[in-house]
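Across the two complexes that follow, subunit A remains constant while its partner is subunit B and subsequently subunit C.
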Partner chain A sequence: MLIEQAAYANRWRTVTPGAKALFAGCGLVAAFLAAATPWQAAAVTTCLALVTLVGAGIAPRLYLRVAAPALGFLAIGCLSLTYSLNFDSDSGGLSLAASASGRTQALETGARALTALAALLFLVLSTPLSDLIALLRRLQMPEILLDIMVLCYRTLFVFSAALRDIHTAQAARLGYAAPRLALRSSALLLAGLVGQIWQRAHALHLAAEARNGDGPLRFLAPPFRHARRDTTIAALAGLALIALAASARIAARWHPA
Partner chain B sequence: MHIMEGFLPVEHALGWALASAPFVAAGIVSIRRTIRARPELRMLLGVAAAFTFVLSALKLPSVTGSCSHPTGTGLGAILFGPAAMAPIGAVVLLFQALLLAHGGLTTLGANLFSMAIVGPFAAAGVFRLTKGLGAPFALSIFLAASLADLATYVVTSLQLAWAFPDPVGGMAASFAKFAGIFAVTQVPLAISEGLLTVLIFNALARFNPQELRELRVTGQAESQA
Partner chain C sequence: MNSRSAAPIPPRNGPLLEFDALRYRYDDGTAGLDGCSLSVQSGSRNALIGANGSGKTTLFLHANGLLRPEAGEVRYAGTPLDYRRAGLRAARTHIGIVFQNPEHQLFSANVREDVSFGPLNLGLDTATVSARVDAALAAVGMQTLAERPVHNLSFGQKKRVAIAGVLAMQPRVLLLDEPMAGLDARMQDDLLALLERLHHDGMTILLATHDIDFAYRWADQIHLMAAGRCTATLATASLAEHADALAAAGLRLPDVIHVQRALVAHGVLPASAPAATCLSDLLARLERLRSNAPSTASV
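So, the complex of A and B:
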C-alpha cells in the first residue's frame, strides 16, 4: 500500500500523531470555510500540499498516484453538477445543458473537496495507521471498535499476502484467461479466504488465551518527544490555515461593499 | 461507490454521521453482549473486517467487460448478520479512507449509511424473504447480493441528489443524473457480485458446511446439496 509506505518513511514520522491530526482537522475546517471563495480555497490547498510534499518529504509522484482515484470521482461529480438534465415537453426527449448556477455549485464543491482531500492526504501520508489507532484510544473510542481495528490492521496484511499467492497460483494455471474463468477463480479464491476467517480467528483466540488474554487487546504506543512543542506549532499553523480560509469573509465584514 | 472527502456540504456530512451513529452504537452493544457469551467471536470480527477490506482490493470482471471490485456487503450480511456489519463497516470504511484515500473522514457517515447499513439490511431482508418464499438457495444468495449492491448505489445517488438538487429539475432530475452516470459501473457490478457470491457459497457449502450451519445460513439439506 502506497500510503503505508509513505507514512512509515516520511520526514515527520516522529512528530506526535495528535499534532498532525490537529493540523489536518484545522485543514478540514478551512476546507468548509473557504469553499465559497475559490482563491482562498486554492491558497489553503496549496499550503496543505506544500506542507505534505516539502515538510513531510512525500514524493510528488506518489502523492498524485494516491490522489488519482479521488480526483477521478471529483471530475465526474463536478461534471454532473455543471450540467442540468432537461425534459423537453414538446419532443418528449431529455437533453443536457450547462447552467450558471450549476457551474457555481461545481466550483464551490470542487474547491471544498480538493482542500479536504489535501488535508486528508497530509494526515494519512505522514502518520502510520498504528499511531492513529493509539490516538483514537487516547480519545476514548469504544474498546470493541479499537479491538476490531487492531485485529483488522494486523490481519489484513496476512490476507493480502494469501490473496496475492492464491491469485498468482491461479493465474499461472490460466485461471484468469477468460472472464468466465476469472469469475470462477475469484469465487474459489474468496471461498478459500472465507474459510481462513474461522481458522485464523480460532488460532488468534487460542494464542490470546494461552497468554491469559481476558479482553481488550493493548499495545505499547511509541513515545513521542516534543509532543507539547509539536502540538503548539500544529495548533498555530492550523489557526493560520483557518484565518486564511476565512480572510475573505472577515474582510467583507470589516469593509462591506 | 464511495463519496470522496469534502464532497458533501457540512450540514449533510454531519446529518449522515448522526443518522449512522445509532446503528453503529446498536451494533456495538449487540457485539459486546455476544462477546460476553462467546469470547472467541472478538477475534472473528476483527479477522472478518480484514477480509472485507482485502475483498475491495480484488479486481472483479464485470459483465460489460470492464473491471470493478466487490463490496462484500451481501456476503458479510448473510454470514455475520446486518447488525454486526455496521461496526465492521465503520472500521473498514475508516481504513479505506486512511489507507487508500477512498472515501473520507467528513463523508464517513454518508458512506457508512449507504454501504454498511442500507446494503447489509437490504441483503439480509431479501435473503430471508426469498428463503421464506421457498426460492432456491442460489437464487436467494444472488438476489440478496445483487440487490444489496443496487440499494447501496441508489442510496448514494439519493444522498448526492439531496445535497446537490438540480437548478432546473430539482432533486428528481439530480437523482436521475447521478444514478445514470454511476449505473454504467454499478449495475454490471451488482450482477457480477451476485454471481460471485453464489459461487462463493457453493464453494463454502462444499468445503465449510459446518461453519455455514453454525451461522444458520444453511440447513442440513442445503449444506449437503
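So, the complex of A and C:
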C-alpha cells in the first residue's frame, strides 16, 4: 500500500515509465560495477536515493519504511557472511569468528545489494505497476505472463479487502478473544478465503467473457508526453551513474599501483 | 422530471430481446430457470423484479450466451442466439451486462485501462477506443478519476466504472443486475439520470431490482420473476390494476399509488388526475395545486 501510495502521488508520475526503467536499469549496472569499491557503491546509492527523494519527491519516512524489511534481510545476510560459528574440539565450546575474506565478501555483496535496492526502489516508488505492465507489454513480454501479473495485482487488493472484512467480522464476535479461538478463527478465515478465491475467479472469468474477452487481457496503454525528452535525460543520467560506478576501475587501469 | 410521460420515448420496432421457454439447471441440481419466457421491446425501459433466487441473474447470463439453456431459446432482433464463437462475439457486442458486484467485473489496475478492455476486444483502433473510453467515463461522471487505481475507489465509483466499461462497447441492449444496490441516494439519482439519458438515446434497458417503487417510477414495463420463470409482464401505467399479480409474486403496490388513492379519497386530488410515478412527483403536483388555487386547495 505504501508503494502504491507513492507510485501514484509522486512528482514524476507522468514521466514515461520507459525513461524511469532505463534509469533504474543503469542503476543496476552501476551496482555491479561499483560493488568492489565501497566508496563508489556508496556514492551511486546516495545518488539513486537522492533522485528518488528529491527528484520524484518521495517522503523520506515512507522511503525508509518501504526499505526497512529489505535492509533487515540484507543486514542478517551480511552478518552471516562476516561471522562464522566454529566448534572448538579441544574445549568443546562454540565460538564466533570473523574472517577477512568473509568481511570482504559481505562488503561486496552488501554494497551491490544496497545499490540494486536503491535502483529498484526508485522504479517502484515512482511508477505505478499498471504503467510497468504497459511498458512490459510494449517490450513484447509474453501475454500470459502479463495477464497473470494483471490478475495477481488486482486480486491482491480484492483479497486483502476480503481478508480484512472476514477478520473484522470474526473479531466483532470474539473470534480472537483467546489463543485457541484465534487459531480456530484463522483456520476458518483461510477456508473462507479459498472459497472466495474460487468464486471470484469464476466471476471475473464470466465478466471478461461478457465483454468479449477471448484470452489475452487487452488494455489501453496510457499516453505520456515528452517521452523522447524524458528518455534522453534518463539515458544521460544513467550513463553518469555508470561512469561514477566505473570511475575507480578506470582510474586503476590508467594509474596502476 | 420524474413523470413517465415527460420522458421522450423513441419509436419501438417490436421485441429486440426475447427469452422463450428457457430451462436451466445448475451443476448442483438447483433449478435456475424453469420455462422462463420474457420479451423486451426495442428502446424500452424494463424492470425485472423478483425475490432472491428467483432466477434474475441466471436469466441475464443467458442474454448474451454466458450460459446456454438446456431447453428453449434466446432471440436477439428475431434471430436465435448462435453459440459459436462469432455468434457469441456478436451477441456480447450488442448486449452488455453490468454485474451486481463491481468487484466481480473490474480486473484491471486502473480505471481507464479497465474501461478500454471491452472496446479493445471488439478490434477497434486505439484512437476509437480512446474516444469511446473518454465518452463512457464522461457519461458516468468519472473522467477526473480516469487514472486512479481501481482499488482506491469507493463502491459507488467502482459501480460507475463497471457501467462505463460496458457503455464503452456501445451495446444496443443494456442489462443491469441490481444497479442501485449499495448506492447512496445521490448516487442513485445520478444513475437514474444516466439511465434516462441512455433511454433518450434509444438504448433498450433491462434492470433487475427488488425495489417496486423504483421500478414503478422508472420503467415502461415490469416483469415479475418467481421460481425461475416470468410470472407476468405488466405495463407500468396499468400496474395499479394488477395488485393480485404483484401479491402472487410476494410484492406490494408502490407506495405512491396508495398515497394518491388516499388523496383522491379525501378529495385533495381529482379522481381523473393522471397517476403519479413517485412521491416527489406527487408532492410537486400538490404544490402546483396549492399555488393555483390557494383559497380552495387543502394540502
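Going forward, the second predicted complex is superposed on the first by the 253 of 257 C-alpha atoms of A that agree within 3 Å, B and C clash if a C-alpha of one lies under 4 Å from a C-alpha of the other, contacts with A are read in each partner's own complex, and residues count from 1 in each chain.
Note that in this section a contact is a pair of C-beta atoms (placed from the backbone, for glycine too) under 8 Å apart; a residue touches a chain by one contact, two chains touch by 3 or more.
Model, not experiment: these values are computed from the prediction.
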First (subunit B), second (subunit C), both or neither touched by A:130: second
Touched partner set for A:208, first subunit B, second subunit C, both or neither: both
Touched partner set for A:32, first subunit B, second subunit C, both or neither: first
Which of subunit B and subunit C A:152 touches, first, second, both or neither: first
First, second, both or neither for A:186, with subunit B first and subunit C second: first
Of subunit C and subunit B, partner touching more subunit A residues: B
First (subunit B), second (subunit C), both or neither touched by A:237: neither
Subunit B versus subunit C as contact partner of A:200, first or second or both or neither: both
Contacts of A:116 with subunit B and subunit C, given as first, second, both or neither: first
First, second, both or neither for A:3, with subunit B first and subunit C second: first
Common ground on subunit A, meaning residues reached by subunit C in one complex and by subunit B in the other: 4, 129, 150-151, 153-155, 158, 200, 204, 208
For the subunit C and subunit A complex, residues of the former touching the latter: 61, 64, 66, 85, 89, 92-93, 96-97, 99, 101, 103-110, 112-114, 116-118, 120-122, 126, 129-130, 133, 147-152, 165-166, 169
Touch list for subunit B against partner subunit A, complex: 2-7, 9-10, 28, 31-32, 35, 39-40, 42-51, 53-55, 57-58, 60-61, 65, 70, 75, 79, 87-88, 90-92, 94-95, 97-102, 104-106, 160, 164, 166-169, 173-174, 176-178, 181, 192, 195-196, 199-200, 202-204, 207-208, 211
Interfacial residue positions of subunit A with respect to subunit B in the complex: 1, 3-4, 28, 31-32, 66-67, 69-70, 73-74, 76-77, 80-81, 83-87, 97, 99, 101-102, 105, 109, 112-117, 119-121, 123-124, 129, 132, 142, 144-145, 147-156, 158-160, 163, 179, 182-184, 186-198, 200-202, 204-205, 208
Residue numbers on subunit A that touch subunit C, as the complex places them: 4, 8, 128-130, 133, 150-151, 153-155, 157-158, 161, 200, 203-204, 206-214, 217-220, 222
